[in-house]
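In what comes next, chain A is part of two complexes: it sits with chain B in the first one and with chain C in the second one.
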Partner chain A sequence: MSRTAARLRALPRTDKLAGAALVFLLLVVVVSVAAPWLAPGDPTAVDYLQAALPPSAEHWLGTDAFGRDLLTRVVHGGRASLATAAVAVALVIVVGATVGAISGYVGGLLDLAVTRVLDVLLAFPRLVLAIAIAALLEGGVVGVVLAVSVVSWPGYARLVRGYALQLRDEGYVQAARVAGTPWWRILRTHIAGSIAGPVLVLAVVDFGEVVLAVAGLSFLGLGVRPPQPEWGAMLNEARPYLEDSPWMFLAPGLAVVLVVLAVNYLGDAVRDALEPRRPRLPQRTRRRGGASTTELAAALAAHPGPDLVTLDRVSVAAGEQAVLTDVSLRIAAGEAVGLVGESGSGKSTLAGALLGLLRPPLRITGGTVTLYGQDTTGWDTHDWRLVRGQHVGLVSQDPLTALNPVLTIGTQLVETVRAHHRVSRAAARQRARAALDLVRLPQHCLDRYPHQLSGGMRQRVAIAIALINEPRLLICDEPTTALDVTTQARILEELTRLRAELGVGLLFVSHDLRLMSQVVERVVVLHEGHVVEDAPASRLFTAPEHPYTRTLLAAIPGNELEVRRAAG
Partner chain B sequence: MLRYVLVRLATTVPVLWGISVVVFSLVRFIPGDPSHAILLSMVDPGADLSSLEQDLARLRADLGLDRPYLTQYADWLGNVLAGNLGTSLRSGDPVTDELWRRLPATLELAGAALVVMVVVAVPTGIVGAARHGAAADRLARMLALVGVSVPGFLLGLLLMYGFSVHLGWLPTSGHGTPAHLVLPAVTLGLGLAAGTSRLLRAGLLDALSQPYMVTAEAKGLPWRQMLLRHALRNALLPVLTNTGLIVGGLFGGAVIVETVFSWPGIGRYIVDAITGRDYPVIQAFVLAMSLMYGLVNLVVDIGYRFADPRVRVEGAEA
Partner chain C sequence: MLRVDGLGKRYGRTPVLSDVAFTVGDGEAVGLVGSSGAGKTTIARCVVGQERPRAGSITYDGVPVGRSRRHVQMVFQDPRSSLNPRWTVRRSLREPARNFGLPAPGADLVTQVGLDPALLDRYPHELSTGQCQRICIARALVTGPRLLVLDEPLSALDLPLQAQILDLLDELRRERGLSYLFVSHDIMVVAALCDRVVVLQNGRVVEEAAATDLLTRPQHPHTRELVADTPRLRYA
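Entry: the complex of A and B
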């Protein structure tokens, strides 16, 4: 709760507009409360001599068809509109939270009955039911409050019930129960405390909608009765005079819009502050120029140099924080290199940097990445597209999340071919079949969705996607971590076999030295963003130089003695 | 799949029954009881009701209001199941016929509003996500926020003032030609578009942040394909889940928009009924709208099974 409060307190400073909205709303509340003193005129006093006057120094917002001052009526109308909405929201929170909390916490038959009732109430279109209830209650403020409350409380009850259901099984709640604390006290202390935040957010977000609903019902003649002023009712009264006296509807209309807009903006800001979501989006850069991209394509296809990848003193930072520092690495054609390090050492960042896949806040701060002899510094999205999926394939960690859940395996293979080659769909599908053969998957997988395959099969699909355009370099970022041990072994065999068959270069990223030893010829050890050792696999396993490498080796079960001897 | 449809239909039955109970009980909210309302609708306002005690008693007997509650409910439910939603107090015509007669106009408005909604919400939602944080996104977000904050009746009056009164391009009210349809449909559609656009933008941003988008990017897919095939298909699922809310907003909004533009649909009929205290009409209206709403939600739920392959297969195996 204290963190919630701190975030809310910081809000007006981080978001100036939210601060302005808050100040505006407070002002509206003060004006509404103080209406009798601030606008002492009688909002219902009729004066036909003053009828339908446009805004002037005397009547700032003009007068209506009965000669009543519109400013006075807007101020007094706000009192009615906002008070009605506030009472409705308060009622909804109390009823909804109480019913939801008790139902979720007590459970059993009571919960079953309550959820059925909620199901029925939520099965009505909200505004339609509200209109009917208000109409049958024959309008009036009470009718509107009841109508809005009846249709709104089930939403809160459902939300709170969900929280109560979760909290019931929390350790501290169970402990309180075992200690003999009565259920109503548990509800009041433990559960009420935890749900206050989300319920308040919902209330702020909902308040705007309730103000609109109240105004809408009044517009239909169901709320505050004339001649008493209310924004929705004033808009209704202004309708016949739309043509000649537009200020009559502009005054209350603007009032409704400004208040609801401020509430909604504040609601968005509060929600963003309490549930921050930072999307990590693919990066796009402006096009450098068509000609150079074509030249680049030719140069990449020709590939003169012996090295597939060269990293020269590359540094990557996340904001101010260094993730990789002066990392140098090269992979020769056909070579298999392992990149090892504990989680957080920057392994995956390095793999991403190779393909220009870093997403903010990550960015390259120094050094050069050279692919197929081409310096990638300053490449735009189109340049990178030439390399990705065509000259370099990537297999990432979790094969379940790495494949798009709503597209078939066939689609995901075919589009990889067609992104780089102008071939017919049928031809691309033919290549997709060949790719499935290559990773020894049956042909019927083409029409399957990712979730219909096992973890091992999904990872084979990912490898097939990476290899379908016959790249000379394959990057595997922890390709077996999400798999069980037997499947791990099969995928490793598969990678070894494919390497032998295709002669493809490999960068194998893993935290597991033992796994790596089966596949790679050279190992690069990454520790806290620095390369601490780069040695042929045979030497690294027998005579590790860096203390950190020794620690890694010692972590392999059954390896302790050997390493200690080698180190000593 | 068939099995899922059957199960879904079976779970709908108790909810429908619940709806019928609520709608029947709504009439009990009337101060006094319906006989008062009827009598009040027949006599001059302000007449002394105490002299009408006898009439009231006879009316109660005629309406069957003196019988036990459950008997009344059973009778009413029997009628409803036979398609008889009661008789209008004002016209004496069967409400079912009256609603049927006005349904086409309301469906016309709702359909056109949905088109407006899609045409506005989909591009703005996509642009907002594609240009996240840029000027176009901030503009689209601000417009969407204003859109959800402007009540339908005010937007209707503003559009009417601008395009009919001031510019004289479109008729202020009525029904018949395509020109008559424009303003009501835009009014109703824009209000719904704002919320849908926000939902779509959020869904797209969420989808674009998923690991499968890294795979799509690493495959070298063009940006357009990443956005429109990979992200959009996933982002449409939450929008689809909210179709029920959109349609609910459509029904409620239609009442207000039809009132503003004198559109001869169910919405205006119901507002006239409210003014005339024609409670059987109000009751029938709620019931009809709720049934249509339930039907839409049913179709959406089944459609969702087709749209999301993950749920589709579970359903087939269940």
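Entry: the complex of A and C
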């Protein structure tokens, strides 16, 4: 993809060391390819008069026991080492990727058979197997290439199989099948295109290891044979002179170390650059004076004021682009307010601003967000953590991603309580039971994992988590989008009932005015970052003032006529 | 016309479809409605030959659907994921044409789905979700199909966009004499586009009626439930 390519191109600039490694490797490759011209001397010509000379102006790296110039031999040796490694890597990629992709995509019995073969191959110790194969083929370049390839391809195949398995269920692959694309063409176009990037990265990362393996086999006398130069073979030749003439050992040794080091670093850098999701540590905002967190906690708990939330002319921008402009919004205690707008209108950004969840590039550029009478400007991470989950609950769109798949429902409820209250596990569990009762889920759900529950039940759990610390404000961001109509209706009823029972304030974010009309008392219409209408539900739904609100109402299936009537 | 007869399917031991039968006549739009898990998507996948039923037959003009791929195409729920992110719109549109040795579609097809031909050289991430869905509809039309299977094509879209796509589908149907099998959990949306609606519950057809009748005089208790649960504006 173009974004990936751009990130790769930017790599040498963002990571200077990777740039240096790349330049070094290119240099090594150029020198190796041009070896016959750059180092015209014969790398195998013996001259005992020049034997075992230390590095000098004439022989930069010294000479070996046969009087051969070590620089010439290292350069020519690089040619052999790198070419052998490159051929081996290419072979491994082609075989590994092809077998892996076919096995993963086709699946069934073929996949089963391939996987078993791979398991067996991967169970052998790599080096021992490589030595055995090289010995069996009686060494030589071909033997080394085959030996290294045979032990390396199963790893690739397994990895590529995993990718292919994922891609098989990808929407565009399914679409291609329905469009009549034959399986081999899907493999050649969609699958190959998707795995090319990761496979190439893997090849770079693995190249270092292959260089080492080739050198290792040659060192053992199973690869390139003397007198032909090769780094591993040269190391072997230098072995007896390690004490007297260490330069014989150092020259090829350093060459191997430097090349492998550069390749590994570059491989890691490339992989990091291609990782689409970088771990982003939570921003530790510094407080700018004001009350301490403890004082804030007391103030929040004792909040006497009538308003839960006040947004006063708040603007949010992403870089230079305005996302929200002069947005003002008030939610009174116990009030249910709807926030409606299309995707891209800034709804979710607004909800995020209420919880201090805006992440760069998003930032508040103007106005103030007041929670429970406290100005949130300059709040740090601790302050926000005090609010989230305790004073403001959040129910998000997809309960499957909101819940942790490896923890039971009970653990997640207990965790939410204990994050804010110093209570015993037993007491927290007691509250978890009460919370399940509140959302009318049976008690046995405590010991269930999210995937064991239906979509509707999961969303009830999300609501229970949001309400367990008895916040006075609940934010629901498209809480029913992932559910079917029947479940949606039940969740909406649940929200209405809970609101009546607990007197909790509600901010209901949605693109669907129909849902909104079931739960809220007042509706705020957001359009391209501006509040275009803010009116009681009864008036907004019957006599909308802003043309955009009328468009939204007209978009309701089967509602066009009624709106036309209402608008006159 | 599409004829689904005695369709049965199970995953492991769980039956997901039992004895499902319905037809979609030429130029007709038929809705397939039910809650999640009712088997709607399984039927859709069987109709486009992506899943093999355990029992029963699905034929298009008497030919088993596996062999009439060109005439039966599908539009998926999530337009973003059903376009290859590394491909331009042009390349995505060319794929089905190539499969059947047809000429590569061009600007006129894109114009027909209400888009600017300039979008042909864009990548999916440069398009809005609504534009992506229009491209997916265009792609489904490339082979000149006679039946489109629409699997929740509006669920990923905001209401105003849903209305626009509904209009587009209605227009295309009139212009090209297409038939639709429209799968959705939203009975209102289905009623807006379809002549006839088939209601599913737990893999069985529980009711089949004209769209207007279904909304005003639902017969089966499950249909009544679905109609009652369909969100509507409280104040209208």
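In this section, the second predicted complex is superposed on the first by the 353 of 568 C-alpha atoms of A that agree within 3 Å, B and C clash if a C-alpha of one lies under 4 Å from a C-alpha of the other, contacts with A are read in each partner's own complex, and residues count from 1 in each chain.
Operating definition for what follows: a contact is a pair of C-beta atoms (placed from the backbone, for glycine too) under 8 Å apart; a residue touches a chain by one contact, two chains touch by 3 or more.
Treat the numbers as computed from the prediction; the structure is a model and nothing was measured.
Asker: Examine A:208 and indicate which partner it touches, taking first as chain B and second as chain C; both and neither are also allowed.
Answerer: After superposition on chain A, A:208 lies in contact with chain B alone.
Asker: With both structures placed on chain A, which of the two partners, chain B or chain C, ends up touching more residues of chain A?
Answerer: Here the partner covering more residues of chain A is B.
Asker: Scan A:190 for contacts with chain B and chain C and give back first, second, both or neither.
Answerer: In the superposed model, A:190 contacts chain C only, not chain B.
Asker: Examine A:271 and indicate which partner it touches, taking first as chain B and second as chain C; both and neither are also allowed.
Answerer: In the superposition, A:271 touches no partner, neither chain B nor chain C.
Asker: According to the stated criteria, A:363 is in contact with first (chain B), second (chain C), both, or neither; which is it?
Answerer: neither
Asker: I'd like to know which partner A:433 touches here: chain B for first, chain C for second, both or neither.
Answerer: In the superposition, A:433 touches no partner, neither chain B nor chain C.
Asker: Contacts for A:546 in the overlay, against chain B (first) and chain C (second): which applies, first, second, both or neither?
Answerer: Neither partner.
Asker: Given the touch rule stated above, what does A:390 touch, chain B (first), chain C (second), both, or neither?
Answerer: first
Asker: Which of the residues in chain C come into contact with chain A in the complex?
Answerer: 35-36, 48-50, 69-70, 73-74, 76, 78, 80-87, 92, 95-96, 99-100, 123, 125, 128-129, 136, 139-140, 142-143, 158-163, 166, 185-189, 191-192, 225-226, 228-236
Asker: So in the complex, the part of chain A that touches chain C is made up of which residues?
Answerer: Against chain C, chain A makes touches at 1-3, 170-172, 174-182, 185, 189-190, 193-194, 342-344, 455, 483-489, 492, 511-515, 517-518, 537-538, 541-542, 551-559, 562-563, 566.
Asker: Using the touch rule from the top, collect the residues of chain B that touch chain A in their complex.
Answerer: So the residues of chain B touching chain A come out as 14-15, 18-19, 21-22, 26-27, 29-31, 132, 145-146, 148-154, 157-158, 160-161, 165, 205-206, 208-223, 225-226, 229-230, 233-234, 237, 247-249, 251-253, 255-256, 259-260, 270-271, 273-275, 277, 279, 282-283, 285-286, 289-290, 293-294, 297, 307-310, 313.
Asker: Where on chain A does chain B make contact in their complex?
Answerer: Residues of chain A touching chain B: 116-117, 119-121, 123-133, 135-138, 208, 212, 215-216, 219-222, 232, 235-236, 238-239, 242-243, 246, 249, 253, 256-257, 260-261, 263-265, 268, 277, 279-282, 284, 352, 355, 357, 381, 384-390, 393-394, 396, 398, 401-407, 415-416, 419-420, 449, 451-452, 462, 465.
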